[in-house]
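Here chain A shows up in two complexes: once beside chain B, once beside chain C.
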Partner chain A sequence: MAQLELQCLSKSFGALKVFEGLNLETKSGEIVVIFGGSGTGKTILLRLIAGVDDPTGGDIRIGGQSMIDVAPESRNVGMAFQNFALFPHMSAAENIAAPLNARGATAEVVKIGVDRVARLLKIDHVLDHAPRELSNGQKQRTALARALIAEPNILLLDDPLRNVDAKLRFEMRLELPRLLRQSGSTVLYVTQDYKEAMALADRIAVLAGGSFVQIATPEDIYNKPATADVARLFGDPVINLAEGAPQVRGKTVTFDIAGETIPLDGAYAAYAGRPVRLGIRPEAVEIGPVKDSHMAADVQAVTPYNERTVLLLRSRGGFEFLASLPSSSANIPNFGQSTGVKFNAEGLHVFDRDSGVRLVGQG
Partner chain B sequence: MDHTSSFERLLRGVLVALVLIFFLFPIFWILLMSFQTNETILRIPPSMVFAPTIENYQALITGKLETTAGNLDIAFMRNLWNSVLLSTSSVALSLLLGVPAAYAFARFKFRLGEDIAFTLLSFRFAPPLLVLLPLSLYFKDLHLTNTYIGLIWVYQLICLPLILWIVRGYFEDISPDIEHAYRIAGNSWWKTFTRIAIPLARPGIAAAGLLAFIFAWNNFIFSLVLASADKQPVTVGALAFVTASGIQYGQIAAAIVLSVTPTLLLALYAQRYLVEGLSMGAVKG
Partner chain C sequence: MASQLTLTAVNKIYKPRGKMPVHAVISFDLVVEPGEIVALLGSSGCGKTSTLRMIAGFEDVTSGTITLNGKPIHTLSPAARGVAMAFEAYSLYPPLTIGENIAFALKAQKLSAGETEKRVKEMSAMLEIGDILGKYPTSVSGGQQQRASLGRALVRKAALTLLDEPMGQLEPQLRAVLRGRIKHYLREYALTSILVTHDQTEANALADRIAVMEGGELQQYATPQELKERPANLFTGTFIGEPPMNVLPVKVEIDAKNLSFRLQGGKDLVLTYPVGELDASLRKVLAARPEVVLGVRPHGVKLAKTGLPAEVVSCQWLGDQTHVAAEIASQTVVSVSHERLTLKTAAPIALAIAARDLHIFDPASGKAIAHGGKLA
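So, the complex of A and B:
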């Protein structure tokens, strides 16, 4: 049975529609990341599930039971708010203990529980501090501890790493998956950071334009993005897009980019003549004295980016695109140089020009 | 503060002293007057040197006012008790009604909500005299004239709007997410109200309660018109010191000292809640 089920869920404020017809089923213990830009209604979705806001239509089911008109305190969910929402007049320990106290646990059980979760999150040394005396990272972990402690069926985490510094964010990104697995709860994790989404998720639900555009594993989101927008959201540097139409020339399918012809997989023959956008992952661009290079390009800019180097290239026809190479690669050209370019087939995606929907090769 | 020169510090000290003298001297003078007889008070030129007497306080406490024209019975202690009773119960009732109402106005949008809140505020605009004539007629019909209940009811005109509007602002300053978090943790609406909302708004509730108490304490006109001597507070009772044989300055001064004391004590007590301030930092601002 699905732990959490959204059925045709919609929410609007007056005439403003936030989202409509959301469907989602999660398995017990699954981590689902809700991914989307700001203003797409991710937080509102969590608030609906927590019960602090009411949906306009549809149903939310937890453990098979409809949660419509069920008070927040009766839903057995835990939530960590993006703004922490700690109780300012209680110590960190009292904050964390609140869900256990509300469930009528004895003082002994509460103490054991608080100590356990505080040690887990490395805040056991600040338990007697008031929230205002905590650093942002400690506040965030206190809020997380409070959400985790009662082992709720559903754990709702609203961008918990948003307000913490980069170092702690990196550490937490490593620790969170283990922590969340241990909790055994079904987790809904909201974020705007695609790396966080990729690192944590069993499945990612991409929320855009008022609906889930794609719900899939991180690998599928990256390798088979449902739309051009999803492809743009996942990947850094961002995917290159070129407009045009596949053409069939004899036995091969080709695509023209600013006057230069590159080959496409034969499976795209079905879309010949259709206006499309071709997505090229920067990682799929090969550089250097490639033998069967697809085009020549001038190097416009070279930027080191973590362990990779990002190049801005410009083809003779004026098409500008990004390439991402391992920094260890021997053939990174310098600024102003000219180089051969080849596009690897597995990094090429074809999207309908108008709807942005991914077109799958046929045959 | 390390950069201020000693001259600046001196100047600041002098200015603060001047302001304090300006505001506190009348109170000091009244305190002196309360230990003098009418004769020493009215001598010219006035002098700080006198033989202190406690006969003013004696007269107030025993209720026997000795004047040159003869002995008068005054009910000052009764008036003082009335003031305490009326102000305390009015503020208590206002808090009981006003704090939940303020919470409702702060948290929920409901039909006519703003209109109701504004109507309550508008009670503060109306000149009391305008309200009093119709009120006194109604009070006669309802047999509320000269009753504590009637007065406490009318005092709500003073206390309720004040408490409602001040406390509402404090409730609005509390992030709703804090309350949501407490409910998601598994607590009922009522528990969230009593354990989260009220403690966090406590400085506001203390401030509003204190202000309402002072306003109620200082009220004069309502009980002058709607009550008779045995239910009237000190503000009205003080009229008794204007006697046929002149104004009893010494007793008035003693009466002021006695009637200021409860408010002063309350203010000193409530001060720590007033300065407590909202402990921000639990919510990322």
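So, the complex of A and C:
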């Protein structure tokens, strides 16, 4: 049982509160991504779990046992750092072998272990190199190999793809889930990249403002974001937000955006008159000669984005918003043209204007 | 008003003392049409920044000419060239506020105080820095400094606007909207512009044409669409596009009915096309080439009922697209779909690639032989 539990965990430095009341329970073998911007305390959280720093309050439990008075080396926790932290005077192989050697493993066991993990991470050809002879990608994989080889119950990965180039980051993102599953460890993975978070995680814990704002599957984070801030953190281009209030007109619920009225799902009738922000995912904006167009908009700019095309649009009333369409779509308008616009219901979210909390349709 | 820029046979050779000379820019030709937005794209050391600095006047050209509207400018001082530039390191004036930094760029135009204030206000609204105009550069974030630096360059509406890695530090949530607004502004005032970037997504989003550079040389100068559909060589093909193009070394087999590409690593791994799907001229060329390299964009790799047998390595949904990595023999092939897919790791799948999605390259030179079944 490798289950990790955080119970009401808090950390402060003097008067500075980093986070407070963090609760998390992981299943054995689960990959949980800790997602947040810089300065939110993600790395500090990993340091507390590893035991290199002490929490101000709360408990960390592994396999049901409190780790508060357990030394770092007795926790069976492995960690790979963003800046690699390799021993400069040792070869890549010696770096990788370090955790096994520290345990007093035989030379044969060490060699088999190092070869296996190095092949897995495609660094078997540079095992005799010193860290300074390795590329950043190779350093990162060496650090990862060192963390994996000990087969820890809990593996902590601190933004391991941060310092590698875009191409390798992409390749590693595709391969990491398989590597991590093979290790069998429960993984806490820290990143600031929402795509990495969605790609790797069984669940994502969004750390912001000193607490977990939402802990959920990638699907729920994207389709049912707990707050407007979470919705803004996941998605590129960013979700559009329009301020206003749902209104009940006869049997329908509507919402006014800069003088134009669009329909909302009837389930939002419960929030009539309440100041809200309407979130519109850019990929939920339909463009062109659409049936039942909600409004007309002028194309301010056309900015291709890989296999999608992003349009900056402005309605007649001055609402500026983004649309994202597959580049293969017919009828993508040009700069300076006007287009009909329709917002698909499944990409619309309603958030309380002041608290930012997502309001769920009722009935 | 809009200006045409030409670079003709421009070379830059650095001669560091006691070291070998470095030929940073090699016989570089470029024409930027009036009002056009051009990106110089490449990785570090490709010569893009040296080129930009020669246009701005911060570096001398070793040989060659640079003209703006037909008039040579490469011998003029930077200030006399009519060029506005946003620097990668921002280079804001520390004793001036953000607002004063932007207004400073308008000094030479001798506008009234009211007009200057109006332009600074418009620019700061566009770049979302209206609330920090009174602050000093060191007291704001890197992203805000970068926006201020952009504002100082753009507000001038100069004959030529140069932007060096203009968006690298921008907050991710602002990036898409600011790209759109900046492109709109450059279009609206028909500002001839050059941006230097290592980020192909930024070049594709903003530029009318992209000059791809590597090793000091121009690899290809074309529209984003041409670069995607007709890459001149393997370098350009794999540099442009995210996720990157799949690259598969294959053996060519031709008989009366079919043209086949055999992947290394197994007898069943063959992509077969009826000869009619490829031009006769291409078949002739391929008949003389036992080995070629296939390039296939991830969107060209489709999950199908029948096709190349593969095994799922990972299936990752990112909200608006799904990335599937699959293993064919020892190769990993990436397929991208706009739809949401849920495939289990190690599940067997079949992959199909249409003839129109094939790029064929020479394995030795990397030069393109064909795109979509037609000779390049």
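The rule is short, and it goes like this: the second predicted complex is superposed on the first by the 361 of 363 C-alpha atoms of A that agree within 3 Å, B and C clash if a C-alpha of one lies under 4 Å from a C-alpha of the other, contacts with A are read in each partner's own complex, and residues count from 1 in each chain.
The working rule: a residue touches a chain if its C-beta (ideal position, glycine included) is under 8 Å from a C-beta of that chain, and two chains touch if they have at least 3 such contacts.
Just so you know, these numbers come straight off a predicted model, no measurement behind them.
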Touching partner for A:F212 - first (chain B), second (chain C), both, neither: neither
Which of chain B and chain C A:T303 touches, first, second, both or neither: second
Contacts of A:F255 with chain B and chain C, given as first, second, both or neither: neither
Chain B versus chain C as contact partner of A:F234, first or second or both or neither: second
On chain A, positions contacted by chain B and by chain C: none
Residues of chain B touching chain A in the complex: 175, 177-178, 180-189, 191, 196, 199-200, 278-284
Partner chain B, residues of chain A touching it in the complex: 47, 50-52, 71-73, 75-79, 81-89, 98-99, 102-103, 130-134, 136, 139, 143, 146, 150, 163
Complex interface listing, chain C residues touching chain A: 172-177, 179-181, 183-184, 187, 201, 204-206, 224-225, 241-244, 297, 299, 313-314, 316-321, 323, 325, 332, 334, 336, 338, 345
Contact set on chain A toward chain C in their complex: 166-167, 170-171, 173-175, 177-178, 181, 195, 198-200, 218-219, 222, 232-238, 281-283, 300-308, 310-312, 320, 322, 324, 326, 335
